[in-house]
Amino acid sequence: MQVNEQFTPTIVAFCCNWCSYAGADLSGTNRLQYPANVKIIRVPCSCRVNPMFILRAFQRGADGVIICGCHPGDCHYTTGNYYARRRTTLLFSMLDYLGIERNRTRVEWVSAAEGAKFAATMNDFVAQITELGPNRRLEDLRCRK
Amino acid sequence: MQEVMKKRAIELLSDGTVAKVIGWMPGEFSYDMTPAVFTTAEEIESNFVYNDFCGANVSKYVMREQKKASDAKILVFLKPCDTYSFNQLTAEHKIVRENVYVIGVGCDGMADVEKIKAAGIEGITGIESDGDKFIVKTVYGDETIARADALAERCAACKSKKLTVYDEIIGEDGEVVENSGRFDLVAKLEAMSADERFEFWRNELSRCIRCNACRNVCPACTCEQCVFDNPKSGIDQKAAADSFEENMFHIIRAFHVAGRCTDCGECSRVCPQHIPLHLLNRKFIKDINELYGDYQAGDDTESKHPLTSFTYDDAEPSVIHERGNE
Amino acid sequence: MMLYLAKDKLDVFFEKASEKLNVYVPVDNTNGSAYRKWTPGTVVSKGLHTTKSAKDFFFPQTENLVEFKMSGKAIEIIDPRRETEDYAVFGVRACDVRSFGILDKVFLSDPVDTYYKNRREHGLILGLSCGRPAETCFCGTFGIDAAEPMADVDFTEADNGYYIKANTEKGEAFVASLGDIFEDRDAAPAEEAKAKTREVLKKLPLSNLTTDGFGGDKLDELFDAAGWADLSEACIGCGTCTFVCPTCQCYDIRDYDTGHGIKRFRCWDSCMFSDFTKMAHGNPRLTQKERFRQRFMHKLVYFPANNDGEYGCVGCGRCLASCPISMNIVKVMKKLAKEDSGK
Amino acid sequence: MQRIGVFVCHCGTNIAGTVDVKAVAEALGREPSVVTSVDYQYMCSESGQNLIKDAIRDYKLTGVVVCSCSPRMHENTFRKAAAAAGLNPYMVEIANIREQCSWIHKDVAEATEKAIILGRAAIAKVQLNAPLVAGESPVIKRALVIGGGIAGIQTALDIADAGFEVDIVEKQPTIGGKMTQLDKTFPTLDCAACILTPKMVECAQNELINIYSYSEVDAVSGFVGNFSVKIRKKARYVDETKCTGCGLCTEKCPQKKVPNEFNLGMDNRRAVYIPFAQAVPKVATIDADYCTMLKTGKCGVCSKVCTAGAINYKQTDEIVERQYGAIVVATGFNPIKVDKYDEYAYGQSKDVITSLEFERLTNAAGPTSGKLLRPSDGKHPHKIVFIQCVGSRCTPEKGKSYCSKICCMYTAKHAMLTREKYPDTEVYVFYIDVRTPGKNFDEFYRRATEEYGVHYIKGMVGKVSPKADGTLEVQASDLIMNEQLRIDADLVVLAAAIEPDKSARPLATMLTASMDTNDFFTEAHPKLRPVESPTAGIFLSGACQGPKDIPETVSQAGAAAAKVIGLLAKNKLTCNPCVAHSDELLCNGCSQCANVCPYGAITYIEKEFVMPDRSKKIRRVASVNPAVCQGCGACTVTCPSGAMDLHGFSNRQIMAEVDAICK
């Protein structure tokens, strides 16, 4: 597929309220830049992210989906991210199995103190998705503009 | 075997141990058995059948019968793979075990008429089992096919001949099959490039007509109302109006049964479009086995399944991005 | 004398025809076959049936009816219909050819379904007489001759080629437009082939099945028949039988929210589904028994009642082959007929 | 149809500087169901809030979207404003266009476009919000303080002073913590023991304070107002209630070769011991690792000499389960291990010591009875080199990236005290920077250099080499004079970095309190909520939150106590209404949700339902206890039918946000 020079991907980031969303806030407080095409959705915990949401994002035109949560062991709810870890691992594996680019999805553990990591992760993920090009394998043509 | 089963069913009905019997009744041809519920000895005498074409997994019918107002005790005949489903249903409180009398039926694999037809045999008017082969009578003359070639796909890669739950056994109990080869096709797909995998699945899933047979037959699909049927869920779909929806339905369905799917293979058996849906479930099973340790749903009725448990040092999702073939 | 096309000329025929219209042919896939657009190199399936019927051509599984585009608070209404191109469908068996007539009765009677009509008018049916019917076939029960599809143009396989007969003006015009690729031959081998087919049909296990006991006037007897409970016992409520059926024509209309508008589409529905005809108060058909009964009552009683005795089944046998629990119209007819005669 | 009001905040120029707020308000005003959309200087100000309140009344709003700073900042402010105007507070959604937009983007067009999309997502979400009513849960009027150092002691005393019961859990046999090991304290040079021991005694005597010494926290469950904690009272083989603290056993115990941790192993104690004279509780403890009786079953001397009959070799660990309304973490710090710094020869020479060891060498209760003597030969050192920042302000591979904060001051104290007591001793201090930001701190440091003649040298020590004559050759660079120095020192003192106590990490997991990358507990807000953990009901006291000196620790301890008192003073707490709930008609009772619930909030009930065929059947369905549920959502994803959903973050709401972002 030809990569459009002008391609700016749409990226959905699910961030848990206690660590990663706070990390994203800290990244803002420290004025650490990352591209504007990353849009964050606040969820209470990474374990709130239903595979349906991830597929929904791709359906509606997202080019990449990243899930950020507390580091394993640091979950505000003790165990949420452990479940999230298994669910996302298996889901990503399934998407890969179906031939959908595996690098369109990512899980990253970002603590409330890791504003710099949040920004760096987003910059890296945006670069990765930009290189991959638009999501064509898991989009719903009806939703295209 | 059929006669022994009939005898026991009639005995248990007559002595009041059970009030209903779940088994199979004959069809129009020699291969189209229908799961059936019997309540009288006469019905069993005249209409109970058990042969090489009783592949249908009847465990879910136990749940259905128990949903009815009556709490009458039920006799069910379960093949080894059906017992796994039965256990899983019990674990999820879908079956009240005390109200069921389980007769485990030893099994050496079921035949699949699709395989016989795929071998080019048309106009079938009768099938007779003859040792390691079937003699198939057709309007175009008699044919024979090796039993192994007529075996259902799932039986050819049988995971276990062990009866995991029973009150009594008819026939021979077997063992878990080591190296069943059931993941061979999954591994083959994994070894392909992403583009090849995408092509493969597009070709398969694009045939989906959303008849919901896979879901409705699945012993793990026991929701009161499926999310895909519930307009309030926000993801309801009636037809695969876009290729995305084909993917969505099958990914989510496989995910919802991941860790709970016993790999009974009913989904692929019933698909009118012959989509190898079991390859989706087996992918999850293979991943679970590799990442979190061997797990067989329906082995027992106690353990927490892999998606409702964890260990502190589980693999990170990045293993997906780091492994072999892209 | 009949027109004849040698087998090795079939591709030439498709190529010529493709110059004038899109040609669809049955193509094998995993354990079945489906219609695909013919392109050079396409191998035509030798199977009896496509897994799904040919009704998609006129009544596709999903179809957009209208679109609403939203921009802020403003709404724009768009008609998504495009000019339909002419097309031909090759290899349609007699049962499926008959099914179009049944669908016509539904969609072309007042009020006419313009979406269906548009597709119907642009489509040309190239029938293919059956050579090796299956045990599941019972088209004879409904007076269909598998040897004579009666499509716009019929193809009969014989003598290492196809004998061709146009049955309609549209068919004649099409055959004429292809000019000299056909040769004239004596029709005897074709008639011989048809006779052979008819012999096989007589030997089929369901050749004795009749519609005795069914029809528009049998509503009262059949509606409350005792047999429905047992027949529907094992039904899992999937839509397999309805979706492979060439005559099932129920559909649902739904709105799909694309995020920036609505696409209103219709899609096949199945009376076997628990939400079929569900209304605000709930579903008038409470259990699978009622839903199951509905399907067969429609085909065997309601449809003939409203359509001069014509049944809503063509005996193609697809549902017999694909039902997950092997319950089907034949079992229903036999059991109810037996029950009826037992009274 | 919803009637939504959109309020776009300028936040001065914080937002308006990068986001065209007028354009945002205008664009969002065109969205379906938005009936008013305005921008304003400071939405969080009183007049900003009034703007929202007035609009709720004037436009009969059913939903409010505020495009402003992070919801973590002002979500509550705006919820309260909405409630004041009669709108359910949970009908408010925040679009974070400051931290997650204006502050991270420079291009106005780009930031404006993003702000509009974030606003749309919030509008899409609020459309599906439902009014929520918060429930209530009772508060158990007792606090737990984990750690009995000066931080824990002060917190406990302050809480008890307000009339609430407090339990202190201390893993050592005595409370007192690190401060008991110190000699003098800066900048006043008063004696540590003199100011600490009265507080320790006060704890022991206060009827509201209960000390679990030699105990650890085993498990924590529950939630704010209602924690249940399992405390493991480790077997000390001495009956606390009988032991009089006479100390006879510690004198008679034949096992004399036990390194004395109180003196950092610089001398020995017995296998049965009381850490130091002022220990609280003053009760002996048998060290099972060394006790001959416990190891071989042959000895029993202590038992024989104990007139109180307090020795009990059969004692086992005891688990006590207690309920608390609030938990204070005061687990403190430890100096890091300095063995790995080969260049300082810590492991090679006994005369290279840490500052805490130095502290013991100058303490009257220490191994040398307060005489400053070289550990190697017991001679008086004439030349002492202090090395600062050992492991502090380092690369992550080498040590800690942070400043340990207390070292500059205690080294000045050490230098000054040395010079005062032993004027013949030359003292050198090598430093990167001298940091003295505290009341009377810089004056203190200047006295060290100016009055006491301590040689402060800016520069790092490259190598300490033990020489044959017993001295230590210190090679260093003087960055100001720009020259290489060689000093033959008698004693080298390393100001080791401090790190959180090792017990903090597992404790944080039990408490579900978050930690930073250095294992210091994270505060709920670095400026505005410095003594609270983000986890409700968990408070932070002392160095577990970051390096602190004593005055700072004590003031933070008091602040934590004040927060605890504020909590315990309430009879009931308002619950978070954003909890899970199950749709009984959809629930099929499969139990998967209960399997993943970390709080045990889901139970099953048998309930009669009318089935589709109108028959009645009893079905098993899930039921969520809203007071116990904390709203993580693990159950919602486990539920295949979507029967389980989360208020405030429902499946539909999150998907609506996804849709709005992706379209």
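Per-chain residue numbering starts at 1, and chain names A, B, C and D are given in the order in which the chains are listed.
Here, a residue touches a chain if its C-beta (ideal position, glycine included) is under 8 Å from a C-beta of that chain, and two chains touch if they have at least 3 such contacts.
All values derive from a computational prediction rather than experimental measurement.
Asks: If every chain is reduced to the average of its C-alpha atoms, which one ends up farthest from subunit B?
Replies: The most remote chain is D.
Asks: So how far apart, in whole Å, are subunit B and subunit C when each is placed at the average of its C-alpha atoms?
Replies: 30
Asks: Provide the C-alpha centroid distance between subunit A and subunit D, rounded to the nearest whole angstrom.
Replies: Computed value for the inter-centroid distance: 30 Å.
Asks: Determine the centre-to-centre distance between subunit A and subunit C, using the mean Cα coordinates as centres, and give it in whole Å.
Replies: 46
Asks: Distance from the CA centroid of subunit C to that of subunit D, rounded to the nearest Å?
Replies: Here subunit C and subunit D have centroids separated by 72 Å.
Asks: List, in ascending order, every residue of subunit B touching at least 2 other chains.
Replies: 227, 235, 241, 307-308
Asks: Of all the residues in subunit A, which ones touch at least 2 other chains?
Replies: Residue numbers touching two or more other chains: 51-52, 56, 60-61, 73, 79, 83, 87, 140, 142-143, 145.
Asks: Quick one: which residues in subunit C touch 2 or more of the other chains?
Replies: 256, 258-260, 274
Asks: Quick one: label the inter-chain contact graph as line, ring, star, complete or other.
Replies: Graph shape, chains as nodes and touching pairs as edges: complete.
Asks: Would you tell me which residues of subunit A are touching subunit D in their complex?
Replies: Interface residues on the subunit A side: 10, 12, 17-19, 21-22, 24-29, 31-34, 36-37, 39-45, 47-53, 56-57, 60-62, 70, 73-80, 83, 87, 111-114, 119, 143, 145.
Asks: Would you pull the subunit C residues touching subunit B in the complex into a rising list?
Replies: 29-32, 34, 48, 51-52, 61-62, 132-136, 200, 203-206, 230, 233-234, 236-240, 242-244, 252, 254, 256, 265, 267-270, 273-275, 320, 322, 324-328, 330-331, 334
Asks: Over in the complex, which subunit B residues touch subunit D? Could you list them?
Replies: Per the stated touch rule, the residues are 67-69, 92-94, 222-227, 230, 232-235, 256-257, 304-305, 307-309.
Asks: Where on subunit C does subunit D make contact in their complex?
Replies: Residues of subunit C touching subunit D: 70, 72-73, 257-260, 274, 283, 286-287.
Asks: Which positions of subunit C touch subunit A when the two form their complex?
Replies: 256, 258-260, 263
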